[in-house]
Amino acid sequence: MRRSRLRAAVALLALPALLAPILSGCGERAGGAPVTLVFKHAKILGPADPVPGLLRRFEAQHPGVRVQSEALTWSSDEQHQFYVINLEGDSPPFDVMMLDVVWVPEFARAGWILDLTPYVSPAERDAHFASAIAPATQDGKLWALPWFMNVGVLYYRRDLLARYGFAPPQTFEALAEQVARIRAGERDPKLDGYLWQGKQYEGGMVNVLEALWANGTRLLDDSGRPFPEPERARESLAFLRGLIEKGVSPPWVTAADEELTRRPFGDGRAIFLRNWPYALDLFELPDSRVRGKVGVAPLPRLAHGPVGAGSTGGAHLAVSARTRHAELAVELARFLTSDDAQRAMTAGAALRPSRPRLYEDPELVARDPSLPALLGLMEKGHPRPITPYYLMLSTTVQPEFSAVLVGRKSPERAIRDATVQVDHLLRAIASP
Amino acid sequence: MMRAARSMAREAADRRLGWLLVSPALVVLGGLTVYPALWVLWLSLQYRIPVFSISRWAGFEQFRFLLVDPRFWNAAWVTLVFTVGSVALECALGLAVALGLRGQHRGRRLALGLLLLAWALPSVVTAKMFEWLYHPSGGLVNFLLGGRTVNWLGDPGLALPALIVADVWRSTPFVALLCYARLLTISPDLYEAAQVDGAAGVQAFTRITWPLVRPILLVALLFRTLDALRAFDIMFVLTGGGPAGATETLTVYAYRALFQTLQIGFGSAIGVVVFALVMLVAVGYLRLISRESEAA
Amino acid sequence: MKPGRRDVLVLIVLALYAAPFFWQALTSLRPDSELLPLTHLWPSRLTLAHFDVVFRQSLMPRAIVNSLGVALISTALAVGLGTLAAYALARLPVPGRSVILLGMIAATAFPQIATVSPLYLLMRGLGLRDTWLALILANGSFALPLVIWLLAGFVREIPHALEEAAAVDGADRVATLRWVVLPLVAPGMASAALLAFLFSWNEFLFAYTFTATEASRTVPVALALFPGVFEVPWGDIAAASLLASLPPIFIVVAFQRYLVRGLLAGAHRE
């Protein structure tokens, strides 16, 4: 009797001892055992991927820490879905994550990311573009650190424009004229005019927003109401649809994303392209057909708006609110967004830094002379509406915009329908 | 007396056993179908956005919005066109295939196998298959049309017909099978007698075949209509509801509302509409079928 | 037309009907360089490169394991619970059984899009996100009513006389069920099991919603989310599609009779 009870007691005591290593296997350990940080990010485009080198440097600086890099899917929408699904659960399997700038307010409001304000000094904050810090700030707190910066730019074929004595167009009217003249002159039926992203996804939304800003209007006014100047919005949408109807842009732009438009331009089959700065690096590769022939200019304007109303974008680094290694994760984020790291990224990959100072750094400019010009474009750029509900808003109005682009709806009707749906959305969100 | 008591006891034992055997299934189904069915009604009356911890009463507000929601009416129209188009084509084609198969002597198993292949494939496989067939430059369809680059899935006017073709392809075998089985039960004597009477071909069809096949066709119609109303996989994967909502059925709209804009309450409201629609159609059809069988 | 020739013609027509599938099979063997644009029907050579990518670099192998596990367990549960329930509803004086049976039939018509939101919240609340159990339960929601519906009909087809004879021989209900009914209804169970397995294997909506990583992603979801960095890898997708189709094809080829029986039985249960 006693022996069996003793055996039972031993078993009971042994059990936690056996389980402990398994249970605490993923937990934090002081000193000794290695800590693994999981860093989730999308594949970095460009000639070389600087991230592994940077991570090894971080590991060298922090002995006992391993950084496991995990890739995200390519599409921004899928990345967002992945994050939402995993962050909604209780223990997301990552510590530091790369976020599209427009998701930061949403993730902050949802309580998924760590408030970085106590870890980042004001000086550090000011070292980044204001238009990169603003979207990452919610309720006066900083929720993510800018990692790299983007702005929508107009690419043009310097050689073709020079041949006909054109300067980069300041207005879209001029752009259309230039396309017509150049195509008539070149007599090449395969030469497309102006390529842009019109597919129904976030990139398409960006293109529409840029058209709105180019006409001096915007999607939401300051109080969050949609389409404050519906007539100007109508003009912008009609203009985009007109590009396709008049043949300035080929019809397939309505199904095109950044890569599907970059390639034809890179093969020399288009005169103008709207895209992000990363494309330039790929155009300047040794085996590129348009090497040395590509110029970068601010986006043209429409009747009522300014020149250069490109959308700013880019990625930020945030720390999961449920990370078990908060200090280390924040360290990693600060390391990757530091001056040195961004310098390495700009040099190695098709990325542009979020620190204005680096755009005039002699070493970087020597490698990429377009940087100073890009600085001006970055500073003129617009961020997309900064609201936690941006993605909800975007996915609500995207189908309406897409309907205009494919010719399924008139711009007036699309704006009307979009307004009805956005109003409903705002009603659902509004606190009673 | 004793016998009555014994049979009563047996009946009581039977009832107990019956409950015992049924309850696990009832519990599981209660939790997985009845409970969610009630819960979705409850959700449809709320503003629920879990990501932002929004959860408050909306009453019928979301249904009222659906009445004026342009995207909802577009989805309803697409659903109607898809359902009617698919089901009509499936039934016509299915009957034709069944008639063709009826006289088959050799290779019946092979024939059925080839036919059922289309039906058995996962809808995602079918969707990817047709996406490739419809590809503007790599697709077989354009190749067979002599190298024209028709953008089947990108043109708002062509996408819905293209989708319907894909759905008809995978659903016709079911209708064909049902009709074929029924046709097999029609005695050839009937046809011989009709031939003697001078009725041939078309008349044999309208006088003999059609009345006997009609009831099963009605059943097939019911199944296919319900399936078409609830269809989700194929349009979601083939076109995602695009371009610009040209193929966005109510189910796709509901899914987008639920898991893209994360409006659980609003998406549930659309789901409730689909639910009501399906139930209405089911009841309507069943009444029709029972009236038919009464008349027969 | 001679009957033999007609038969062949019909078979050719049906082979053409199944042509999309054969085309996809050919695509899976076509080298990348000959995919876009399509210039010739037949590729200059066949390649196994796409299958190599699918097996070595994609998440399909894991997805197949997930799908097999989920489908087999779902089917086992559905047939296990369903057969017993079907017998009870068909033969035993369960109070309210006609209502229950009607409810079962109605449950097969419940649109998944309506039940997915509460089930999503349920799975989230139970912490079952990204687990096999979530999918097994979700599949059960349509497999179980289907099995019960089919088997209730099959059970009813068994003549009362057989059960009465067993009772006369002294067997109680349970023994009758075990030794008389089950063997007779076994083919029907096979049909129901095949249909349940097929529907579980093909199921997409619930799987897409309740799974998050390759830990539980099933084959349809893995196929829908097949990764392509810049361009869509049509050849790889074709190869993955073929793999995804193997169990359904196997069922159609090897178990055609049971499959057909199941489909027809469902249609006649009106």
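Chains: A, B and C, in written order; residue numbering restarts at 1 for each.
In the analysis below, a contact is a pair of C-beta atoms (placed from the backbone, for glycine too) under 8 Å apart; a residue touches a chain by one contact, two chains touch by 3 or more.
The shown structure was predicted, so the numbers you read here are calculated from the model rather than taken from an experiment.
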Practice task
Going by C-alpha centroids, which chain is farthest from chain C? Tell me that one.
Solution key: A
Handout entry: Pair of chains with maximal C-beta contact number
Key = B-C
Practice task
Calculate how many whole Å lie between the centre of chain A and the centre of chain C, each centre taken as the average of the chain's C-alpha atoms.
Solution key: 41
Problem - Approximate Å spacing (C-alpha centroids) for the pair chain B, chain C - result: 16
Completion exercise
chain B residues touching 2+ other chains are 50, 259
Problem - Multi-partner residues of chain C (each touching 2 or more other chains) - result: none
Problem - Contacts with two or more other chains, residues of chain A listed in rising order - result: 88
Fill in the blank from the handout: Listed in rising order, chain C residues that touch chain B in their complex are 3-4, 6-8, 10-11, 13-15, 17-18, 20-21, 23-24, 27, 35-38, 41, 81-82, 84-85, 87-89, 92-95, 97, 100, 103-104, 106-107, 109-122, 137-138, 140-141, 144-145, 148, 173-174, 198, 201-202, 204-205, 209, 219-221, 223-224, 234, 237-238, 241, 244-245, 248-249, 251-253, 256, 259-260, 263-264, 267-268, 270
Exercise for the section: Show which residues of chain B lie in contact with chain A when the two form their complex. Expected result: 47, 49-52, 54, 56, 58, 61, 65, 68-71, 151, 154-156, 241-246, 248, 256, 259-263, 265-266
Problem - In the complex with chain C, residue positions of chain B that touch it - result: 11, 13-15, 17-22, 24-26, 28-29, 32-37, 39-40, 43, 50, 100-101, 103-107, 109-118, 120-125, 127-130, 132-133, 135, 137-140, 142-143, 169, 174, 177-178, 181, 216, 219-220, 222-223, 226, 229-230, 232-233, 236-237, 250-251, 254-255, 258-259, 264, 267-268, 270-272, 274-275, 278-279, 282, 286, 289
Problem - Sites on chain A touched by chain B in the complex - result: 81, 84, 88, 106, 109-110, 200, 251-252, 254-255, 388-389, 391-392, 395-396, 399, 402-403, 405-409, 417, 420-421, 424-425, 427-429, 431-432
Problem - Residues of chain C that touch chain A when the two form their complex - result: 124, 127, 129-130, 212-213, 225, 227-231
